[in-house]
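The next part holds the structures, each set out as structure tokens.
Consider the two complexes below, in which subunit A is the common component and subunit B and subunit C are the respective partners.
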Partner chain A sequence: MEKKVIKKDALAGIVKKLAGQMPVYAPVQDQDNVLFKILEQGMEPMLDFGNTRNAPKNCFFPQAETMLKYFRTERGRELAGVVEGAPEAVLFGVRPCDARSFILLDYVFDDPKYKDTYYMERRRKTAIVTLACVHPPSTTCFCTSVGGHPMSSEGADIVLADLGDRYLAESLTDKGAAILKKFGDLANADDAALAKKKELSEKSEKEIKSIIPGNDIKPWLDANFDNPFWDTIHKSCLACGTCTYLCPTCHCFDITDEVKRDGGRRIRSWDSCMSWLFTQETSGHNPRTSQKERWRQRLLHKFRYFVDNYHAIACVGCGRCVQYCPVNIDIRKIVTDISKL
Partner chain B sequence: MHTNPYVPIPVEVAKIITEVTTKDIKTFRFAFINKEDEENFNYLPGQFAELSIFGKGESPIGIASSPTQKGYLEFTVQRAGTVTSELHSMEEGTLMGVRGPLGNTWPIEYLKGKNIVVVGGGFAFTTLRSLINYMIHDDNRSQFGNITVVYGAREPGLLIYKDELALWEKRTDLALNVTVDKGDADWKGREGFVPAVCKDVAPSSENAVAVICGPPIMIRFTLPVFFDLGFSKDNIYTSLEMRMKCGIGKCGRCNVGHKYVCKDGPVFSLAELDKLTKEY
Partner chain C sequence: MSIEKRLQEKAVELLSEKKVDVVVGYEAGTLPYQAAPCFIENPDDEGRLVLNPFCSVNLAKYVHDILMAHKASQKRMKPEQRTKKVVGVVARGCTTRSLVIHLQERQYERDQIFIIGVPCRGYVSKKKLAAAAGGKEITACAIINDRLSFTTPDGTKEIPLESVLAESCLSCRYNNPVISDVMVGDPAPPMKPDSEYADVDAFEAMSGEERWNYFAEEMKKCIRCYACRNTCPSCYCKVCFVEQSQPRWVGVSVDESDTQAFQIMRLFHMAGRCVDCGSCVDVCPMGVDLRKFLKKLDKDGYNLFAHRAGEKMEQQPPLSVHSMDDKDEFIYEP
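Right, the complex of A and B next:
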């Protein structure tokens, strides 16, 4: 595929122009946070940021979305329409860890038997432009421990690397090549640019100091569902759900109906295994009675069950759950502690 | 037909049967609005569907009719939560939705050529009824060996499918054992708990498979009876229930270990359950 270079000061303008032609989700400053949002007329993306507060999963799997609408008739309630369809779009400025999360989410939503129509339509029509981490954004980054790399192109249609004085832009898919054309006339990348990227890539990997034995704990997890260790990790947990909402790979959702006078809509919204309601049954029975069982579920889902089903850990090492947990529960420490048992 | 798995198939409530004296368990017969949907709804006993009422939500319920009964679907539903209460207040002719068929089936191919013991308790008899009607259908009966049924309820008024039980009673190709925990003045049948009746009936484990559904307390005391009779864990099947939303393995709440009850179940052998985490 194509390899081009973009002048350092030209990139923001190119993306701004692209946003005039099609929806572009990109990192933007929003009060104290950097968030993925649709660029509005004349807006430029942020290029100098660590990582966004929210994971970009909301572009394909919004926090809340209308699935279908219904209306009341004399004979009951009938389907008024299904809310389907998505425009071609660009998701710009995704960090490699977050780009990788889409490959993991695809396992769930692009299941051979049941395709999730809503997720898949947006996913198919959206090109992902990754902004490689020439410096790991945070001390909580641990992508290299769970199968990722700070300069990885996995999951990307285009990958951009900041070489200091210019960006190297590489298209990896047909979808990426088509978007790269829209970037305008760009010079071909020279050998110096490619060599520089390689150098930065090796340096960046070494800068990730947070290393956890993510792949090593599976045998222990397989054998220790009832281990007393599970009594030790959840005690300070407030069940706030921040970890699951910010997690790029958490995909659990709820389906609820909204009622208005003449009809309403069926809505899908993010849900969290940290809540007791998540598994509460009408009979009163709940298979996960305390925060202990819920925490065990969260950890086992990511490091055991997902591995059993899809041969990959459902964690990309972005570190958001570590950074934003209000009581400082650190999944890196839990995994490390398990590896010592 | 929608390829979107979240869009319910439109159906009409064609018939409602109040099954029990407490009136909180009813069987709903649904007729398809579109012929095409009816033709595409291919299911086997053991599967379930999401009963979908716009404005209320969805509830996963086992299919109580057999695929040999053409033209309609039946579900036997206890009034419990929001959706099932709305369903119970419905009248014949009301329009609603069904999303399915979902989940796996009783292991029909494995059951063929074997003697089948069906054990049900309370109103957890719905997909078992589907299985029995499937097996005793003229097209299928010769493919199965002896069929023994043990079905129990707390009292006579709580037995479901009474008309059908009377028909089965008359058959010579099915050994039906109906029991109640405690009978009333009119009750002429068996009294006793399901595990005790199973012990008494003592079906042979020779080339046999037991299919067991009921409240946890019944299952707990029935399993040792079958182990004593020589049934291996590979030859005892049951069906699990969990809170569900999507029914297609995506919303993440009905897992037992790495299996989703909605997609990988609800039917599991005891041998399969032994390999999963004990969280249900």
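Right, the complex of A and C next:
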């Protein structure tokens, strides 16, 4: 595919110009947080920001969406499905860990047997532009321990790498090539640029500070569903779900009907294994009786069940849950502790 | 001997003499600016206990959690098999006030808790610290007396500790325990309680419309994770109305009015029951200004009923008691 170079100061202009032609999601400052938002006139995309507060999964899998609407009419019940055609769009400035999360989410939502039309429509139409981490943005990053790499191009349609004086832009898919054309006239990348990227990539990998035995704990998890260890992690948990809502790979959802007089809508909204309503049955019974079982579910889903089902760990090592858990429950520590048992 | 060492010794003593089954305290966190709640059951683990200005959340919530779980576990047992559980808790001023509220509201008996009182000079607000660091990652952090130094990729900086203390702490009236079974450490000097309503006074001076707009704007930030409710020692309803589904009071999507309904209900449920520990503000991932509204209720509680939440065992929360000379003009003349 194409390999081009972009002048350092030209990138912001290119992104803003693109935003005039199609919806472009990019990291922007929003009060105290940096969030992925659709760029509008006057908004500045952040070109060198580490991990945004919210994961970009929101763009394909929003926190709440209407699946269908229904009405009571004189002729009886009427339904209106609401899968609207999504526009072609660009998701710009995604870090490699987050880009990898889309591959994991695709396993779930683009399963050979079950296709999630809501997710798929937006996912198919959106090109992902990854911004490689030439330096890991934070000490809590641990992508290399769970199958990723700070300069990985997995999940990307275009990868940008900051070479210091210019960006190297590589398209990896047809969708990416089409968007790269819209970037305007760009010079072809020379060998020096490619060599520089390789050098930066090796350096960046060495700069990762958090190394955890992510791949080693599966056998223990397989054998220890009832181990007393599970009594030790959940006690301070506030069940706020911050860890699951910010997580780029968490994908559980709930379906609720909201009815008002003669009409209603069916809503899909994020669920969280951290909430006591998770797997609560209509009878009032919940097979997961306390936060202990819920926390075990969170860890087992990521490091055991997902591995069984899709041969990948459902964690990309972005470190959000580590940084934002209000009571400092740290998944890196838990995985490390398990590996010592 | 450092206060931390004395605390650890006390924990060993209480656990080995079986005076308590568990000590709820704080341990060092995995990030340089955090301490995490911890639960010590084995006297050999006492070395984990720390006490420093990174110890933020109010631990009374966990005391309630543990005792309620224990109570539930005893229900199906024969009376002669039932056991008593005693929880030891490291408690500063606001924590003890929350314990008083639990006792007043008959959540558990006084002899089910053992209060290890500690003095407090306030805790570090993670949000203020993040702002001081300009949003850069903090890779090291240390406190020496009244200065705090932190390191970011831009270098090391030193600032007054006071500049990053939580708002609740800066104007705290009860930074020393109001009740305790044992005190560890000498009482801390007072904070600046005279300024406690400065923020509320400014808010009250605004017009009704401005106040509503402020409330509505703040609530737009809220993602309804309920961390504020879950960390609050006074929010202990078994099933919160927001999660009831028969009937459903509050919708599940991200509708503004649903969020406002949740917050209004929670705030009013806090009247006379909020100790201003600041935990809800501390754990809120979105930085919602909850304190202004809670402080307004607190101010009204004091002005109308001369009541301060959890200050004294014998003074019941104003909404739980009725007296013939209660003020009532405000009902007719809002």
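The rule is simple: the second predicted complex is superposed on the first by the 331 of 341 C-alpha atoms of A that agree within 3 Å, B and C clash if a C-alpha of one lies under 4 Å from a C-alpha of the other, contacts with A are read in each partner's own complex, and residues count from 1 in each chain.
Here is the rule we use: a contact is a pair of C-beta atoms (placed from the backbone, for glycine too) under 8 Å apart; a residue touches a chain by one contact, two chains touch by 3 or more.
Please read all numbers here as calculations on a predicted model, not as lab measurements.
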{"item": "Subunit B versus subunit C as contact partner of A:T256, first or second or both or neither", "value": "both"}
{"item": "Touched partner set for A:Q323, first subunit B, second subunit C, both or neither", "value": "second"}
{"item": "Touching partner for A:S290 - first (subunit B), second (subunit C), both, neither", "value": "second"}
{"item": "Of subunit B and subunit C, the chain that contacts the larger number of subunit A residues", "value": "B"}
{"item": "Touched partner set for A:F278, first subunit B, second subunit C, both or neither", "value": "first"}
{"item": "Touching partner for A:Y305 - first (subunit B), second (subunit C), both, neither", "value": "first"}
{"item": "Subunit A residues contacted in one complex by subunit B, in the other by subunit C", "value": "254, 256"}
{"item": "Residue ranges of subunit C touching subunit A (in the complex, touch as defined)", "value": "29-31, 34-39, 57, 62, 69, 127, 131, 135, 137, 139, 221, 223, 225-227, 230-231, 243, 251-254, 282-283, 285-287"}
{"item": "Of subunit A, residues touching subunit B in the complex", "value": "67-68, 70, 72-73, 75-79, 82, 84, 108-109, 111, 113-118, 225-226, 251-257, 259, 263-264, 266, 268, 271, 273, 278-283, 287-288, 293, 297, 300-301, 304-306, 308-309"}
{"item": "Interface residues, subunit B side, partner subunit A - complex", "value": "2-8, 10, 12, 53-58, 80-81, 84, 90, 93-97, 241-243, 245-246, 248-253, 255-258, 263, 277-280"}
{"item": "Residues of subunit A touching subunit C in the complex", "value": "31-34, 50, 63-64, 137-140, 235-236, 238-242, 245-246, 254, 256, 258, 267, 269, 276-277, 290, 322-324, 326-330, 332-333"}
